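What follows is a pair of complexes built around chain A, which joins chain B in one and chain C in the other.
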Partner chain A sequence: MNALAEGLGQIADPTVLLCILIGALAGMLVGTFPGLTATMAVALASAFTLSMDPIPGLAVLLTIYVAANFGDRVPAILINTPGTPASICTTFDGYPMAKKGLAGVALTVSAFASAIGTFLGLILLVVAAIPISRLALEFGPAETFALVVFGLTMMVGVSGGKIGKGLIAGAVGLALASVGRDPITGTERFTFGVLELSDGIPFIAVIIGLFGIADILDQMLSYRAEKHTPISNFGRWWPNRSEMKRMVKPLGIGTGIGAVVGAMPAAGGDIAGIMSWAAAKKASKHPEEFGKGSIEGLTAGDTASNAGIGPSVATTLALGIPGDSVMAVVLGSLIVWGIQPGPALFTSQPDLVWSIAGILAVATVLTLGLSLLRLRGVTKLLELKPHYLWTVIIVFCMVGTFAVNNSVIDVVVMLIFGVVGLFMRRHGFPAGPVVLGLILGKLAEGNLRRALEIGGPENILGSPIAVTILLISLAAVTLPPVIDRLRARRAVRRAASTSSNPTDQPLEQKETTIS
Partner chain B sequence: MSSDQTAGTGTAPERHVGRAYQLVGPLASLAVGGLLLLLTQYVKEPDIATGLSPRWWPGILGAIICLLSIGVAVKDQISDGKSGDELTTPTRLGMIRVAAVIAAAFGYGVLWYFLDFRVATFGLVAGLSYIIGGRGWRALLLFPFLVSLVLYALFVLLLKVPL
Partner chain C sequence: MNHNTRTRFRRIVPAAAAAAIAAVALAGCANRGGEAAQSGDFPSKSITMVVPYQAGGASDLSARTLAAEMEKKLGQSIVVENRVGGAGSVGLTYLSARPADGYTIGYLPVETVMLGYQGYDIDPARYDLLGQIVSVPATIAVPANSPYKTLQDLIDAAKAKPGTITVANSGAGSIWQAATKALNKTAGVELKPVPFDGGAPAVNAAIAGQVDAVAAGVSETSVAAADGRLRVLAILNDKASAALPGVATAKELGTDVSIGGWGAVGTPAGLPDDVRDELAAAVKAAAESESFVSVIKKSGNLPVYEAPEAFQAFYDAEAKRFSTLFAK
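Moving on, here comes the complex of A and B:
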C-alpha cells in the first residue's frame, strides 16, 4: 500500500473522526471567546493528547488549530473584538458590516474565505513540503544550526518591534534547553540533583504555563466588568451574486500573501491577514470602502490568515522549525511521541504527512459546516461570565499538566512559568521565542558544537547555505526597526498631507492596536 | 485601541510605561544572565576530552543575555521613555485576585495530597470561582460539581490517568 492510501486510511478510523469532531467543537469554542488563543488551546489540549496515539492526538490538536481560526471571526464581527490575533483584520470590515445589518453575510463570507484559504494553503503543503524537505536533506550541522537561528530570529523579528527583548527571550529559551544532559558528552547541567530534570525542563508544562496560565492571569489583572452587547440583528445570510464576484480577487491576494507569510518560520496569521487587507485595498476599485464594511477587505484578511496554515505545517514538518507558535506546541507533542519533524520524516514516515494533510482537510470541511450553522446561540456564549471560563482553564491547565507525566514537579514548573509569563507580558518580553528556544535548544547546541568541532568556524562560514540563512536571520532582526522608523515617518508625512481624508484612518488605528 | 474594542474586551485602558518600570524587565533578565554565568561554573567537566566544554554553550548564552539586557536598558533610558510598550492598567482587585489564584493553585497541590482528587478539585473550583467573582449556588456548588465530574470522567475513566 502506498503512503498516500495508508496515510489517508488512518484518518478513516472512527476514533480519529471523533477526535476531529471534538477538536472542531473545542476550537470553535476557543476561537469564539476573546482572550483565548489557538496556541493556548492547543497547549492545553496537548496535555490530554499525549496519552493518545499520534494520529488521534494530532487530529485533536490540528483541528483545534483550524477551528479556532474559524470561530475567532464570530466575536470579531459581532463585538469588534478578535477572538484570536489571527482575526484582527476581520474586525476592520466585519464589524462595520455587522453594524450595517449585514452580520449574517459577514459571517458567511468570512467562513467561506477562511475555508478556501485553508484549502489552497493545504495544496501548497502537499506540493511544497517534499521539495523543501529534499533540499533540507542536504543540510549538515552548520546548516541545521543556521536554520534554528533563522527560526528564532524570525519569531523575534515579528514580535511587535521588541527585537532586543525578543532576543533575550530566545536566549533564555535556549538556556532553559541546556538544563539536563549535555547533548555531546551527557554531562548533567543545572539539575541540582532533581531526577526529573535529567531529561530537561518539561516543555509541555512550560508551554501551558507561558501561554495558558500567564494569559489568564494577565486578563484577570486588568479586567473591569463592562457590559458589551453583541450585535443580534444578523440580516440576510448569503452574499448576492455581485458580492460573490467581488470576493474573487481578494481570495487570490489573500492566498498568495498567506502562503508566503505562513511558510516563514514563526510568522502567524495575524500578520498575513493585515498585509493582505492592505494589499487588497491597494488593488481594489473601491479602496474607500475598506474599513467601513468592505466585503473585499473581509475576504482578503480572512483568506490570508487561514492560507498560512498549510505552509506553516509544511515548514514545521519539512524543516523541523515551527511555522508559528501553535506549530511550536504541536512540534513539542510530536517530539514527545517520538516523531522528529524534519527532512527525514518524509522518507521515514511519508504516510504521517498524508495523514496530517487529510486531518486538516476534514477539519476544514467540518468546521466550515459548523460555521454555516445559524450562529444566534453564539451571542449568548459571548455574554458568558469570566469566572466560569477562567476557572475552567486554570483547573484544566493544572490537572492536564499533571496528567502528562503524572508528575507534581510538572505542575510546579507550569505554575512557576505562569508567573514568569505574566512578568514577561507586563514587561514587554514575548513568550514565543522562549518556547521556540526551549524546543530547538538541544538541536542548536548539538549542531553548533558538532560543526565547530569538525572544522572550526570555517565549517559554518564556508557553507553558502548556512551563510545565506544566517544573513537572512541578521536581516530579520535588523531590518524591522529600520522599516518601522521609515513607516512612522511616512505616516507622519501622510497624516500632515491627508488629514482631511478619513479613508486611511481605520488601518492606522488598527495598526497601533496591534503593535 | 478603539473604544469599541476596550468595551468589548472589558479590560482597563492602556497606558504608556514609565522609565523606572522600563528598567525592571532588563534588570531581571540581567539577573538571569548573571545567574546563568555563575551556575555554569559549577557544571562538572566531563572525563572525556572534548573540544568544547559543556560549560561553553550556557556560558555564551549567559553572556549574550547580559549584553542584550544592558543594551535594552540603555536604549529604553535614552529614548525619552517612549519604548512603544503599552500596557493595560492593572486594577487593585485584579492584583488581589491574581495573588489569591496563585495561592489557591499551590494550596490545591497540598489539598490533593491529603484528600481525594474529586473533593480537592471541587474545593479548588469553588475557591477559584469565588476569588474571580462567582457568587450564588450555581457558581459555588453546581459549577464546581460539574467541573470535577467532567475532569474525573475525562482523565480517570477515559484517559486512565491515575489521579
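Moving on, here comes the complex of A and C:
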C-alpha cells in the first residue's frame, strides 16, 4: 500500500502531468496520421526522454503509446484508412457505420471501447503481471505456430460472407508473405533484385493502399455530385441504450483475446483486433451485421487491440522481453535509465510498477477526454469538397508511407495496392483476409520452420499447449459447416411437412456501381 | 453518361496531379543534397547521419547519442536518418551512393563486412572510416536449469551429439549466428544455430528452455543473467565485461574465439583529407565524451574508441574472417 501511494504520488507531480499531456497530444496526432506508427513516435521521442528522469520520461513514452491507439481509429472510421496497423479491424465496421451516417456514434463507441479495453488490460498488468509473463514464456516456436494457425482459421470469419473469394484473398496474402528473405536460411525469395523487398512486402504500405487508397479511387470513379452525401453528417454522438447493451459481450471477448495476444512477443494489436472481431462475429446473435456497420464488431476489435497494452507492458517489465515493437523501444530506455526489468522488479521497485500503471491510467482517461472533445473539430475538415479531401488524403497517405522507412519503394507499393484494392472491391473480394494472410503468414512460416529446426515434428506434437490449440483450430474450421449441414437437414425435414424452402439465402446485392 | 464521365474526369485530374506532384516532391527529397564541399569552411551546413537500422534500437541509440556530442564539436546540427531494410544493406547502399563531401556520414555496423558474403551487394571498400565507437561482445548463455555448467560441458555435449544441441540467435545471417559458427569452427564441434526473429525472442527461448543455449550480445543476456534466469557460460571477447561480473572469456576457458558486434562511423569513400580530419576529430571527441560513454555503458555495451587507422586494420581483418566463416 505504501508503494502504491508512493508510486502514484510521483505522477501527481505537475511536470509528469505536463509530460502526459504532451505525450497524449503527440500520440493522437501520430495515430491519426496514416503511416506514422506508435513505434516510430516512441522511438523518436526516446531520443529526447533519455536525458529526463525515468518517471517523466516514461510518462511521455507510454502516453504516446496509449494515445496513438486512440487517434488511429479516427481515419479508420472516417476515411477507411487505419491510422496504425492496430486499427485495421476498426475499418471493418467503423467505416460502414460512418457511411450510414453514424460516424458520431462510431467514434464515441470506438473511443469508449478503446478506453475500456486499455483499462481492463491495465488491471491485468497490476494483478497478474507475473502469471501473464509466465504464459508468454511458455509460448515458444511450436506454441506460437499453433496460435498463428488458430488465427488463420479466422480467415473465413473476415471474409464477409463470401467464403470462396475470402479464401482466395487469404491465399494471396499468404503468398505475399513469402516475399523476402527466407527466415531460416536467409535466401532471397521473389524480391526480383529489389533490395527494399528483402525484408518482405512493406506491411503498412499494403494496408494503407488496400483500405485507404482503394476506397478513394472507388469514390472518385463512382462519384455523383447529386448523389453525394458527405460523411461530415455525423449523426448523433451517443449510442442509445440498446446499442450500449450490445457492447457488453464484445467487450469481454475483446479483453480476453487482446490480453492473450498482447502478452505474446511479436504479436500486437493488429492481430488481436482481427481475431477478436471474428470471434465476436461467431458469438453474436447478429453475425450478418458484421462488416456492414455492427456496433458489436467495432467494440470487439477496438477493445482487443487496446487490451493488449497492459499485458504487453507486463511481459516487458516482468521478463525484460518486449511484448511488442513499441515496448522494445521502451525497454531500451528502461535499461539506460538503470531499471532492470525482470521478475525481481515487482518486489524491488513496486512503486515504479504502480507509477507505470498510474501513467497508463491517467493517459487513458485524458486521451478519452481529448478524443471526445476533438471529434467536433474533425467535422469541419470533412466538410471540404470531396475532390479536395481526396487530394489531401492521398498526399497525407503518401507522405506517411514514405516516412515509415524513408523509402520511395514503399510509396510505390502503397499505390499498387491501392489499384489492387480497387479491383478487389469491384469484384467482391474482401481485403481483410489479405491482411491476415500477410501478417500471419510470416509468423506461421518462421515459427513452424524454427520449431522443426529445434526438434522435428515431435517438438510440436509433444507440446500440450500447441496440440490443444491446433485441435481447437481444426474444430473451428470443421465444426461450423457440419453443424450448419445438420441444422439444414433438420430444417429440410421440418420444411418437408410445411413444403417451403428455407435453406438457400437470397444472393447479396452488389454494392458497387458500374457505369 | 458522357457528361458524367467528363465531370468525373474533371474531379480526378486535380487529385491525380496533386498526387503526382507529391510523388515528385518525395523523390526530390530522397535525392536531395550533393552540393560540392568547399574545403576550409567545413562544415557550413547541417550533416546527415544515415543509420541502417530502425529508430529505437541499440545501433540507433549509439548513433544518436554520438551525433548529439558531435554537434557540439562541429557547431552544425546532425540529422539522423534511419534507412531500414535488407539486414542493413538498404542504408549502407544508400550511404555509399552519397557524394563524399562529408555532409553525409553513416553508422557502420559489423554487418558492413558480413553482408557481402550473404548475397548482398555490399563492399567494405566503399566506405572511408572515421573510427570505431562501440563494441558488443558475443556471449553464450544457457537456461538456469541447464545441465551444461561450463562452456566445456556444452562443447563436450556437442561432440557427443553433433548437430542436435540448439543455439538460438537473432536471425539468419546475424552476427550472433556467425558467433555460433565461429565457436563451432574453433572448438571443432557442430552446435546447431536456430535463427529467431530478433534478439529478444531468441533470449526468451533460452530462458524458457525451448533451445539448449543462446548466442547474443552482452546487453541482451546480462539482464536475465543478473536475476539468475540465464547462466552465461562465456564471453566471446578478449576482455571480460563489467555487465557480467565473474564470467570468464572463452579464451580463458581454452577456446580462443573472439567475435561480436561493433559500430563505427564512416562516409562514402573518397573523402577529402581535411574534411576527414575534421570529422574524425569530432568522432573522437564525441566517442570519448562522458555522456556518450555513460549511455553506452548503461545499455550494456562497451564504449570502445579506435582511431581510423587502427580500426582500418581490424575492419580488413574482420572482412577476411567472415569470408572464410561464410564460405560453403
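One rule holds in what follows: the second predicted complex is superposed on the first by the 272 of 515 C-alpha atoms of A that agree within 3 Å, B and C clash if a C-alpha of one lies under 4 Å from a C-alpha of the other, contacts with A are read in each partner's own complex, and residues count from 1 in each chain.
Assume a contact is a pair of C-beta atoms (placed from the backbone, for glycine too) under 8 Å apart; a residue touches a chain by one contact, two chains touch by 3 or more.
Computed from a prediction, not measured in an experiment: that's the story for all the values here.
Looking at the shared chain after the overlay, A:Leu384 reaches neither chain B nor chain C. In the overlay built on the shared chain, the residue A:Ile394 is in contact with chain B and with chain C. Residue contacts after overlaying the shared chain place A:Ala175 against chain B, while chain C stays out of touching range.
In the superposed pair of complexes, A:Leu221 makes contact with chain B and with chain C alike.
By the document's definition of touching, of the two partners only chain B reaches A:Thr91; chain C does not. Judged by the touch definition given at the top, the superposed model places A:Ile321 against chain C, while chain B stays out of reach. When both complexes are overlaid on chain A, the residue A:Ser198 reaches chain C alone and has no touch with chain B. Contacts of A:Val329 after superposition: chain C is touched, whereas chain B is not reached. In the overlay built on the shared chain, the residue A:Thr185 is in contact with chain B and with chain C. 182, 184-188, 220-221, 223-225, 386-387, 390-391, 394-395, 398-399, 402, 406, 408, 411, 453, 515 are the residues of chain A that lie in the contact sets of both chain B and chain C, per the superposition on chain A. Contact residues on chain B toward chain A in their complex (touch as defined above): 1-2, 4-5, 7-12, 17, 21, 24-26, 28-29, 32, 36, 39, 43-46, 48, 50-52, 54, 56-58, 61-62, 64-65, 68-69, 71-72, 75, 83-85, 87-91, 94-95, 97-98, 101-102, 105-106, 108-109, 121, 124-125, 128-129, 132-134, 139, 143, 147, 151, 154-155, 159-163. Listed in rising order, the residues of chain A touching chain C in the complex are 39-40, 42-44, 46-47, 50, 136-138, 140-142, 181-188, 195-196, 198-199, 220-221, 223-225, 265-266, 319-322, 328-329, 331-332, 335-338, 340-344, 386-387, 390-391, 394-395, 398-399, 402, 405-408, 411, 446, 450, 453-455, 515. Across the complex, chain B is touched by residues 34-35, 48, 51-52, 75, 79-81, 91, 95, 161-162, 164-165, 167-168, 171-172, 174-175, 178, 182, 184-190, 217, 219-226, 228, 385-388, 390-392, 394-396, 398-399, 402-403, 406, 408, 411-412, 415, 418-419, 422-424, 426-429, 445, 448-449, 452-453, 509, 512-513, 515 of chain A. By the touch criterion given at the top, residues 1, 4-5, 7-8, 11-12, 14-15, 18-19, 22-23, 26-27, 29-30, 54-58, 60-61, 64-65, 80-87, 89-90, 93, 118-121, 166, 171-173, 192, 194-198, 200-201, 203-205, 207-208, 210-211, 219, 223-224, 226-227, 229, 295, 298-300 of chain C touch chain A in their complex.
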